[in-house]
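Got a structure for you, written out below as structure tokens; questions coming shortly.
By letter and in written order, the chains are A, B, C, D and E; residue numbering begins at 1 in each of them.
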Amino acid sequence: MSDMLELVGLVVDLPGPGGAVRVVDGVSFDIPPATTVGLIGESGSGKTMTANAIIGLLPDGATTGGALCWRGDDLLRVDRRRRRRVRGREIAMIFQDPLAALNPTQTIARQVGEILRRDGLDRDEVRRRVVDLLDRAGIPEPARRLNNYPHEFSGGMRQRAMIALALAGNPALLLADEPTTALDVTVQARILRLLRTIQESEGLAMLLVSHDLRVVAHVAHQVVVMYAGRVAERGPTATVLRRPAHPYTRALVDSVPAIRTRTALAHPLPGTPATPANRPAGCAFHPRCPLARERCRTEQPAVRSVAPDHWTACHFAEEIADRV
Amino acid sequence: MIRVIVKRLLVGVLVMWGAASLIFLIVRVAPGDPATILLGPDADPAQIAELTTRLGLDQPKLTQYVHFLADVARFDFGESYRLGRPAMSEVLTRLPATAELMLTSTAIAVVFGVTLGLLAGARPGRMVDRVVSASTIALQSFPTFWVGIMLILVFALWLGVLPSADAGTPAHLVLPAVTLALPFTATVARLTRTSVAETMREPYIQTARSKGLTEPQVLLGHALRNSLIPVVTIVGLHMGGLMGGAVIVENVFAWPGLGSLIVDAVAGRDYEVVQAATFLIAGIVMLFNLVADLLYSRLDPRIKLDTVS
Amino acid sequence: MSETLLKVRDLRVSFGRRPGPPWRRATTREFVAVDGVSLDVGPDETVGLVGESGSGKTTVARAVVGLVRPDSGTVTVDGHRLGPVGQRPAALQRAVQMVFQDPRSSLNPRMTVAAIVGEAWRTHPVSAPAGDRTAALHRLLDDVGLDASVARQHAGELSGGQCQRVSIARALAVKPRLLVCDEAVSALDVSVQAQILRLLVDLRASHRLSMLFISHDLGVVHQIADRIAVMRSGVLVEQGPAGEVLVAPRHEYTQALVGAALELNTES
Amino acid sequence: MRRIPYLVLALYALVGGLGPLLIEYDPVPTSLPDRLRPPGSDVSYGTAWLGTDALGRDVLAQVVYGARTSVIIGICTVALACLIGVAVGTAAGYFRGWLDTVLARGIDILLAFPAILLTIVIAGAFERSVLLVVTALSATAWISFARVTRGIALSLRERPWVDAARVLGVPRPAILVRHILPFTIGPVVALATLEFALVVLAEAGLSFLGIGLPNSAVSWGQTIANGKQYLETAWWISALPGIALSVLIVNIGILGDQLTARYGRGHLR
Amino acid sequence: GCTDASTGSGSGSGSGEITVAGTYPIESLDPHGPQGGGTGTQLAARELFSRLVRPKADGTLEGDLATAWKPDATATQWTFTLREGVKFSDGKAVTGADVAASFKRLIDNKGTNAANFPGYTMTATSDSEVVLKATKPDAAVPGKLATFYVVPASVATTDAAFFQKPVGSGPFTVEKFTPSQTLTLVPNKNYYAGAPKVTRVTIRKMPELAARLTALRTGEADVVWGIPDDQLGQMQSDSKLTVETVPSTAVFTMWFNSSTPALREAAVRRALWQAVDFQTIVKQLYPQTGGLADAPVSPITLGYVAQQPVTYDPNAAKAALTAAGFDFSKKLRLQFANAEFRQFNQAVVSDLAKIGVQVDLLEKEQAVFTKDLLALNWDINFQQLSNPTFDAANTLGRLYPCAAKRNGYCNPQLDQLLSAAGSSPDQAERVKLYGQASQIIWQDAVGMFPMAVKYAYAWNKRLEGFTPDPNGLPDFSTAQVRGS
């Protein structure tokens, strides 16, 4: 019964106009306790769907495959009640846009404390715990803010309230889907710092979904790079960003403009990102890949280890370092 | 808050003035005049002319309009030629019956409509949704008078469980209120359905689910209140439309309300009563809209009546 | 011809009402979004405008193209004072064009790419190519890195990056002197963002364009701007060459901004 | 499943269009000896498959011919209301300013005003005709269109592509026609189906109040209203056109739902 | 009896209350007001007030307030002897002064009934005698007075408050009155002929026929009249109900507008009449409540003389029209006002169409109909003309002289006959003269007179002693609820 979440060949199919679309295709990685795993990839690469599959909130009509091992159970196969128990109490989630993700017609206290109330705590106890949670999430004078509505909070405070809400069920794993995308840079830095503090002090496991490499670089211990619904590369953050073992990661890293220096922008990655709906055969990245050859067009590369803990899905990973 | 209500009431006065002027214009443009209709087909032209003068209807329309406005400002709506009584007091005596009918059917419509809409909207596309959607359209597709007469035949004549026409006891209220409520229920149900379905797509519903709530808890605890916001507006706006249904229902069920008074007044070219009734209805509709807005800001804390934030 | 192409002087914009849902009534309280901003853009120069959300960057941009009417202050191009949109002489109207943030909604999804560019040409016949318009269209699309086949597609069918390229093509079609880019790459994926930035850099040189480039991403601005202006709550707090402002910010707000920004390859 | 409404509407169009060629009917001649015969009876002019009315006229023929009148009234009213409503609504929403203020207040007035009163007065007071019924019903029906399109125009005018067109210098009429109007079509069509149903019903209601179409016109509303006193004894007179009406309205409603689901989201309020 | 039952509840058997489901609204209780001639007001007035004379079901007059009346030699001055000991409901005696004041009030109010008495005056010669002075010989005075009701002398010309709960000398007094909705009556304890046996009469407007008849069959209403033929069968098959029809004074009257060029010639009008098979229409549509008319006035009217029936002959009609140069391409406008006559008129139009005469059937709202009627804005006009006075003077004498300008027909000879008939004190002479006038009207086809109307009444069997009234104005004072 380890507190490690293991994704084993996770598959998510969504109904589309022309039949089911495999938006997550055999994704495997794990989230060890007390570790932050960053999940990056461009828009539509299936990051959100992966996170939603973990918490079990896929859109209507979605079907899943593979396995999600959590505390000895396969979350894809447990009954509805167990699934619901896991939600909020064992695995909690923070959503992208804190304004949209908070119910506009309920007070902050009510929303943060809802899970506690459902657990049968009395009012004063709930109130005390909510104040504590808000305090831990870094909301100043939490007791005075209890009866505020979401719209009366600033963006950063809303996200803090979301974090308090997620912590209310005392989860072991926190899923954060683009938690800072809607925020200003200065606020973003503060929220990221907070997330890291909480993760460290509570010993939480965390999945940080983002398309922003800088954010992941700052917070995550490990990264998983997704492209068109598949894992392209995964490994320790420093290794992956410094010595990518997949041309896509390489290109991503190169595309991020530095702030204090003027980089060249010499050879931006050509083409548009592949989507799960029209995923090229073979390696999904091959149309944009500078290393692509015939084999890439026909054969889907397996995820293989290039170093301890460092995995890639590229036939020619070894050549990448040479070309830099 | 008070200031806003006052402001709304002032705008309301403007709107009521507009409504009153509109009806003043329309009834006077319509052919046929009070004197002729009062005296009936047996009258001779001299008598008609005489009565027209007596009623002050020989004056230029503009003069009449100015007098009308001056009277309205003093809340004097004149006397009904037909009934020989102050028009407004006549309208007011009829108001309770119509109010009873309209409020009951609104209550029926809201209770059933919201329930059905909630059931359907919770899972769009499912069986319940299809059944509710189809049956609500069906409900809207029967002419009100036809439904009314059928209900009379079935429940009063054949089953003999309810009185057919007339007013007074709660039993008398059932058939007319149901007749009036049926299409309205359908409207509310359909609107609630759309609204619930839309709300269920909101991110905060996902948040609620991520707390491990059951679907009914999510639906009632998080979706219902937010979905009701547009419903409240429509219910407020629908009062005018309900009045239209009330005219027919009152006719069928001999309900002693405002609707039949208005129909008779229009037929009898009873200008004063038509004007007083319009004025009153416009006022009530405005009031309902104000109440809807107040309710609105209760339902949605983001909306402050006084938006000066 | 004067030294500067665009001259913004003491621009002040206030809004009588905050944008809000339609059921809200207008309020009379005034909100000053831009307060006394002065800004120059020289010929062939790119000026970056940065600042946090709500600091008034977009408002400045919209004032420059004439979509908002300033309370006071002037906007001049080549020494000609510019009024609001629709009241500008055609030549000046087309001299200043804009690329918007959201790639999808800045194109009418029901129009084909050819129609979108055609509309620009129809509006300003001076800038329309003499001779075969189809060939000219294909040339233009090629300039912005699009395939000729895109011409027949509806805007709704294009990807984000393609949309932004079409937006740029539409702007370029009327041969503007100044391109205002309001967060033109913010909504795009990093790899596509890099493509568009590259494209803008190239076009700037080939079309002799001046640019007012707005972004909240300091890294992006640094890649393209010659000079950078920093805004905070409607006021310009700092202005200077790009390297200087970002490497050695003088104003404390700029310092905070640069400090908060994360770099990919520095551990903090 | 999705096709059913289209099939039914096609069937109605066929019956309304071709029916009159196959079945002859003139509302003027009556055949008193054949009055109030149940469906399937043999009457002097053949077999009355759907029975006869109180003047011995064929109900089937009335259903077939009534389809045309009802549909024409529905279409004309909706078209008129749509034209006025869309023009006023888009203009007000796009141009804002005093036009919008006047419209908003005007709509307030008309909403506060019992619509039935307007209809009763117009329909009751002037000489009956299809045109009058259309006018009376349009007098209030346009409001919904104006409200919906105004809302759309209000939100569309803030769209970047409209701004882009303005920056480009595209003239205002062209902006309205090219960049605003096309986007109102979906919701307007969805609303039109709803209004169509309401209009057809309202015509029946007017006939009930005795202020509907002239007697020479054949419409479902007329037939249903004429049969109302025979609901117990000769149910077929109003039940059969009633069913025809209901089936039409249900199918238009379903169609409207489909269209709303496709285009209307968020705009229909 | 049952005293505290709420007026709204359906009357349970055994209670002395009856509920009357009426078609027409009662808008005003003032019999002298502008609407005094309206059916609703007339119905209420005869329950609330007394008249000098009143017609019986066969059209003959009997004394109400008056016990005797006689004209002078020229019939210009009529003397009425009043009944002794009649009291108003408030206990005050009814005197000659009250009668004279009421008459003055009637004249001053200038309602339609007042037009029957142009320049007439009434004086009270004593407490028990009044004298009516006409401006010219008028033999129809007693009949005309059938619509003249007596109120206390103290009532002002306009006195809305009084007529909310009026004081009268009729069999009933008002308990509650909601204009055009309900009128609740209770017996007048002071009624000279003894207070009625029913404890309460509620006259309620029920505009919808189905609701009215259902209420009757479920026992919620006790009396309904004006039942269409098509619904009569159902009532007759209901064992709880008594159904009766009575001949009325009403006649379907379809005037031709003789001032229209197309209809100026009598031959054309006669031909049109001939073209309609009224026999069949009446038999089919009104098997129980109608009969082919044979005079412009109904058989129970004074002045009725049967005329030669017009036989249906479409061929002859067509020939006559062609001979008269009738323009078949022009449409005639036939106007009527009430949906209940729609079928009849449609049948007429159908018959006319058969010989190629095109008719636009215009169903008009009452207000528009009346206006157009008086403005002669029609070619054929349909009306159901009834005659509350039972005297041809009120119909023939009032509507057919040139001066009346009611139908564009003008015939000095007819004027003369009518005027003579109106002023002759000799009843037989009057009937003869009206017969001659009727013949001219009939022959010249001033209008078509297709049907004499019978009113169908249906009432609950628990109601006894109820007599249907020929003018649709039944009297409830004689009725009694069985077992109460």
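The rule we apply is simple: a residue touches a chain if its C-beta (ideal position, glycine included) is under 8 Å from a C-beta of that chain, and two chains touch if they have at least 3 such contacts.
Please read all numbers here as calculations on a predicted model, not as lab measurements.
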Chains in simultaneous contact with chain A and chain D: B, C
Between D-E and A-C, the pair joined by more C-beta contacts: A-C
Chain of greatest Cα-centre distance to chain C: E
Inter-centroid spacing, chain E versus chain B (mean Cα positions, whole Å): 39
CA centroid of chain A to CA centroid of chain E, Å: 89
Averaged-CA centre spacing for the pair chain D and chain B, given as whole angstrom: 21
Where chain B and chain C are represented by their mean Cα positions, the distance between them in whole Å: 51
Sequence positions of chain B contacting 2 or more other chains: 31-32, 145, 149, 153, 157, 251, 267
Per-residue multi-chain contacts in chain C, two or more chains: none
Sites on chain E at which at least two other chains make contact: 210, 365, 367-368
Partner chain E, residues of chain B touching it in the complex: 31-33, 35-45, 47-48, 50-51, 79, 81-85, 90, 93-94, 145, 148-149, 152-153, 156-157, 160, 163-169, 172, 251-254, 256, 260-261, 264, 267-269
Chain D-touching residues of chain B, taken from the complex the two chains share: 11, 14-16, 18-19, 22-23, 26-27, 29-32, 133-134, 137-138, 140-146, 149-150, 153, 157, 194, 198, 230, 233-234, 237, 240-241, 243-244, 247-248, 251, 262-263, 266-267, 274, 277-278, 281-283, 285-286, 289
Touching residues (chain side chain C, partner chain D) in the complex: 22, 62, 65-67, 85-86, 88, 90, 93-94, 96-98, 100-102, 105-108, 110-111, 119-120, 123-124, 167, 170, 174
Chain D residues within the chain B interface of the complex: 105-106, 108-109, 111-122, 124-126, 197, 201, 204-205, 208-209, 221, 224-225, 228, 231-232, 238, 242, 245-246, 249-250, 253-254, 257, 260, 265-266, 268-269
Of all residues in chain C, those that touch chain A in their complex: 52-53, 159-162, 189-195, 197-198, 201, 216-220, 222-223, 242-243, 246-247, 256-258, 260-265, 268
